[in-house]
Amino acid sequence: AAGTTDADGNREVRVALDWNSYVAYHAPLVIAQEKGFFDEEGITTTLQLTAGSKDGVLAVGTGKADIGWVDLSTAAASMMSGLPVVSVATVQHKNATGLTVLEDSAIQEPDDVRGLRIGSTPGGSDSTLVPAFLSANDIPEDDVTIVNLPANGKIAALLAGKVDAISGQGYYAQSAIADAGEEARTLLYSDAGADVLDHGFVAGNALTDGDGETITAFLRAYRKGLDYTEENQEEACEVLAAESDGTLTESFCTSQLSGWLELVPAADTDAPWGSNSESAWADTIDILQTYGGVEGDTAVADMYTNDFLPDGQ
Amino acid sequence: MAAPGQAAAPASGRAARIGISGVERVYASTRSSVTALHDLTTEVPGGQFLSLLGPSGCGKSTLLRLIAGLEHPTSGTIEVGGTTVTAPHPDLGMVFQEDLLMPWRTVIDNILLQADVRRADRKAMRDRARELLAQVGLEACENKYPRELSGGMRQRVGICRAILHDPRLLLMDEPFAALDAMTRDQMAVDLADMAAQRDTTVVFVTHSISEAVFLSDRILVMSPRPGRVVADITVDLPRPRGLHVRETPRFADYVGQVTEVFEDLGILRDRRPAGHHEGTQR
Amino acid sequence: MSHSTAPTGRATAPRTGLRRLAGAPGFAPLVMLVGLVAVWQVCVRVLDVPFYLLPAPSDIWTAGVDNWGLLWSNALVTLAETLVGFALSAVVGVLLAVVMVAWPLAGRALYPVLVASQVIPKVAIAPLFVVWIGTGVTTSSLIAFVMAFFPVVVNATQGLNSVSEGSLHLMRSMGASQWQVFRYLRLPSALPFIITGLQLAIAFAIVGAIVGEFVGSDSGLGYLLIVTQGNLMTDTLFAALVVLTAMGLLLYYGVELLGRLVIRWK
Amino acid sequence: MAAPGQAAAPASGRAARIGISGVERVYASTRSSVTALHDLTTEVPGGQFLSLLGPSGCGKSTLLRLIAGLEHPTSGTIEVGGTTVTAPHPDLGMVFQEDLLMPWRTVIDNILLQADVRRADRKAMRDRARELLAQVGLEACENKYPRELSGGMRQRVGICRAILHDPRLLLMDEPFAALDAMTRDQMAVDLADMAAQRDTTVVFVTHSISEAVFLSDRILVMSPRPGRVVADITVDLPRPRGLHVRETPRFADYVGQVTEVFEDLGILRDRRPAGHHEGTQR
Amino acid sequence: MSHSTAPTGRATAPRTGLRRLAGAPGFAPLVMLVGLVAVWQVCVRVLDVPFYLLPAPSDIWTAGVDNWGLLWSNALVTLAETLVGFALSAVVGVLLAVVMVAWPLAGRALYPVLVASQVIPKVAIAPLFVVWIGTGVTTSSLIAFVMAFFPVVVNATQGLNSVSEGSLHLMRSMGASQWQVFRYLRLPSALPFIITGLQLAIAFAIVGAIVGEFVGSDSGLGYLLIVTQGNLMTDTLFAALVVLTAMGLLLYYGVELLGRLVIRWK
């Protein structure tokens, strides 16, 4: 648990991940473990797989984990309904969600989606972003046909021509489609006026209230892992694939990882690494409330803190 | 019992001859095997009323099932009407030892099952079923379900079902066992009438010696398991027979003959534990 | 299921009334439900269970009232899908059982396919559904059917085989064809078993419809569950679950009643 | 039939007196209601062997179930051993009209069900069960399952089960109906012995008038439904009775008495369709 | 299920061998399976069904061989969860049926809860499971149990009530207590029904274990399904489905065999 130490005097940190198997974007964490970056900071980490970002946040909120690697927009919705967690770092600054179309599609800009069939998965962040995107571009919802599809059915539906575009993580869809021998491109919502937060870290109040040091140390080690991963993508995926017991192939990892890494750098380079931006959080909450039916009265300022960043103010 | 309203006058020669030769029936299971019938040979001319008598467990029901074509002999052959039995005779009526009424059918519908299966005119048959029910004293029970009947009532329904279609081959397995003496006599008389009038071959299993004598042209007495024929007695009493025939010396004679066969078989006697009250008996 | 007993003899008359009430078929489940809801409410309040985990019955009630239109219209969709899937499962299930009893070889050949249809998770082959059948009501009914027919097959098979050797002899003594043995003996004998199968089927048809709506749909209680879950509208989510349960109970008891109407001879 | 090996000598006065007063039994359903018994009053002293005779469907089985405490009278009361019957008597043995063997138990285990339920010593009881099986001629069938038995064999197993624990109150519903004449006689003798020796009250339903006379201290003849007592005949023949008693004039006299009662009841007769061969009978 | 008949009489001897083979209990399902796989292979190749939708059996075979260790170790996890859930469902299901038959009032009170446990989708209340029980094997076994016990209850109840009035009279004539009536009459009568319930239960326990692994687990075939799906390992996904189906068939026939061993008197 938070604050406990192991035999070596290391502080133990339980990290909840946002998925039940390793995904390319988990590579920095595994690298930081593998390369001893956490050890250098005097902490020992254990990674916990969960069923998704919501469950990852819940694990942190209910004290089953100390820190969570999760989609922050999902975390924001949970915070709204009172779950006691705060974001301690935004890692991925550009949201990955968008409309993916086949390469030869006529869609070039937002306005082109009028009259098309869009595959989207209800209940996820992409279904919240679709109306936000349409509204931001003055497209009446009636001008498109939303086809609800399961997450695992979207790519098949696009390839089979059942829909004209699918909503979801762009880099993921692109590499999957490439895998099937086709080419695709993505119109990111974040480039079309509908931006929400993507991945970062959340922590529970056990750490934030008394053990901020640990958070800082953790983030510092993570950042080393991230840097190393960026430099050595092949090796990172090799390590991650080995760690995954054969559930993640190296090739799938590398194609995902390069796509994801492009989304990581902060737009505002003045702020320290990992900074949560007030405006990004406010925008996210706004979109969640307007389009996601999310309710609650938690103040935006209580949802994040930049107090524990390694290059802190 | 009366023939169907629309049926023609007695048609002679339609009744089926039964030929049984060298029949053996073994019930084999993984644990044991039982020879129910052993090398049984006999012939039943068409139209004969044959009674089967024999100790409990000697194979009477088994023989009936073999003649019906419901089971097949382990060796030997059975012919009905000149052809080897492989399936039930098309003109068969059968009363089983258990009543086998369908719990979901009312009394009348249980009887009409025979009509339904034979695709007979249900409406005409309904009248005939009502007639039969009246004859066996169950006219008030037409619409009852089997569970509302007494044992003897159920048995009577089973009899009505077996004769609804006026069969040429009638196999009856202790059909009157659950009936009181009076009803039983009445039904015996009716059955004798029907069999004579309608030219039907009847194989009748009973435990009542006097009933067998009263009804039969011929009586086969079977030995304890494995069943063989130990006596073949032709009953040469004039027909039609009224119940008063039972008071005649010739009737008593036949009963005595059959009883003697049974006594010679010594059924059960030898199995009594020593020292029992044997002395006080008979 | 006890009710307070008045200490004096005077209370006899009203107590009799209560007794009669307690004997009514709906009474026990009602008391149970009210009891459960009360315990739930108290627990949530006393243990301070957070809202996002388990809302209190009162919160669910409020959400249910507020979203009644939404719940009702989606419940109707799920109901329709369930009934279609159920009807299909009843017909196909009984037919399959008949085939398997009539031709045991065909039965043995079919069985692996039937078992496979049960153990393969529908969500795992969702892409196939989406591409071959599309999403929506048809898929949901189909999944409801696939989830529901198996108990019908298994129970109907047991029922069709539950006839005694004696009854089979009786039928054959009448010269009954295989078909007549089915019609006049096996099917009626199997009815109570089929009803039992159908009671299971109706419950599983609901689950199937919901799973179908998960797989891809824009209406129905399953869709509502996914959406409310994703958006952390926990109170509305539970209101949908309550409606779903109510629907399940109604349909289940409906099939039971149907059984009692059909099996009158007992 | 022999008492259990370890049982004591005949204990007089243990047998239960049965008091039946004003008993009415109505079977009511939504569709109809049937009065099976009407205002039946009688008393059976402890140790008496009472036979019930009556036309099929007159309520004999119903009366047995009422005495057993398996059903309850619609009005009137039944007492056994001085207390009103609400549940089966603790020392009851009952043979039902159907055999009711458990298909999953072997013959011996079916008999030992009585011991299991009564928590008796299974080992000792097994010996007693084997003895009884031998007495009824089924020693070879100990380990067979019921479906492998003939109708009469099943019935005999049912009888063994009912008397395994040497009951003080024995209710038997047509226990010998499926047995051949010889086996039946043998078992009747054994039963008479047992009842006399063990001081048991027996209520015995049969359709055989001579069997009833042979076995009974007293015979009740019941009317057709609704069942009432139409004759109450005390059979004053010396005991022990050997089967030869059946050839005595006094025996014939009793049989004649009962037959007369039956004839007076005119069972079935009035229900015959007009124009039938009535003339030829008796 | 036909095999080519040689045109000349000479072929009699080998044909007899084939006949005997064709009569073996495993033959029909085997022929069916082989046939299905062949049709599948041909269809995928001829219709050029894309790989991400439905891989050819040959691809699945290769993936299965390549990932055998992965499949095997995860299958064992699922098997263990399934068996635990199944055993629980058998015990609890029969006990519940006994309670409901012995105390009909309690039965009526319990029924709504049981029906609710069936129609409420486990995924909808997964967060509750995860928080109260945690993730992993326990949750999967529990969901397997919840999915499997209902058919046991329903069929066992039917079985316990399938006794004739006559047999009840017999038991009571011996002075049997309620408990003895259960032990000596109702339970043995119910056995064939319970076996049928268990056949359904084993199939549903597998489904439950898989669903449990979906919700939160890091091992088992369900976990493998989700992961291979997300990571586009479609051939491994189908290999996992094949292993799952094989496991389902084995367990199903295992229960059937158990039934035949227990019910020897037929």
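For clarity, chains are labelled A, B, C, D and E in written order, and residue numbers in each chain start from 1.
Here, contacts are C-beta pairs under 8 Å (C-beta built on N, C-alpha and C of every residue); 3 or more make two chains touch, one makes a residue touch a chain.
Computed from a predicted structure; not experimentally measured.
A.B. asks: When every step has to jump to a touching chain, what is the lowest number of steps that links subunit A to subunit B?
C.D. replies: Counted as steps through touching chains, the separation is 2.
A.B. asks: Pick the pair with more C-beta contacts: A-E or B-C?
C.D. replies: A-E
A.B. asks: Report the inter-centroid distance (CA atoms only) between subunit B and subunit C in whole Å.
C.D. replies: Comparing mean C-alpha positions, subunit C is 50 Å from subunit B.
A.B. asks: Go ahead and note the Å separation of the Cα centroids belonging to subunit B and subunit E.
C.D. replies: Each chain reduced to its C-alpha mean, subunit B and subunit E end up 49 Å apart.
A.B. asks: Let me have the rounded angstrom distance from the C-alpha centre of subunit B over to the C-alpha centre of subunit D, please.
C.D. replies: 26
A.B. asks: Quick one: subunit C and subunit E, Cα centre-to-centre, how many Å?
C.D. replies: Averaging C-alpha atoms per chain gives centres 19 Å apart.
A.B. asks: Got the subunit E residues that touch at least 2 other chains?
C.D. replies: In subunit E, the residues touching two or more other chains are 52-53, 127, 131, 214, 229.
A.B. asks: Return the residues of subunit A touching two or more other chains; collapse runs of consecutive numbers into ranges.
C.D. replies: 54, 58, 62, 152, 155-156, 160
A.B. asks: Send over the residues of subunit D in touch with two or more other chains.
C.D. replies: Subunit D, residues with two or more chain partners: 98, 147.
A.B. asks: Touching pairs of chains, all of them, please.
C.D. replies: Touching chain pairs, listed by label, are A-C, A-E, B-C, B-D, C-E, D-E.
A.B. asks: For subunit E, which residues count as touching subunit D in their complex?
C.D. replies: Interface residues on subunit E, with respect to subunit D: 164, 166-167, 169-176, 180, 184-185, 188, 191, 263, 265-266.
A.B. asks: Flag every residue of subunit B that touches subunit D in the complex, lowest number first.
C.D. replies: On the subunit B side, the touching residues are 2, 27, 29, 31-32, 34, 53-57, 60-61, 97-98, 131, 134-135, 137, 139, 143-144, 148-153, 155-156, 174, 177-184, 186, 189, 193, 207-209, 240-244, 259, 262-263, 265, 267-269, 271-273, 276-277, 280-282.
A.B. asks: Spell out the residues on subunit E that touch subunit C in their complex, using ranges where they run on.
C.D. replies: That would be residues 1, 25, 28-29, 31-33, 36, 52-54, 105-106, 108-113, 115-116, 118-121, 123-125, 127-128, 131, 150-151, 154-155, 158, 192-193, 196, 199-200, 203-204, 206-207, 210-211, 214, 222, 225, 229, 237, 241, 244-245, 247-249, 252 of subunit E.
A.B. asks: Using the touch definition up top, name the residues of subunit C that touch subunit A in the complex.
C.D. replies: That would be residues 50-53, 123, 126-127, 129-131, 134-135, 214-218, 223, 226-227, 229-234 of subunit C.
A.B. asks: Name, in rising order, each residue of subunit D that touches subunit E in their complex.
C.D. replies: Contacts found on subunit D: 65, 68-70, 87-88, 90, 92-94, 96, 98, 100, 102-105, 113-114, 116-118, 145, 147, 171.
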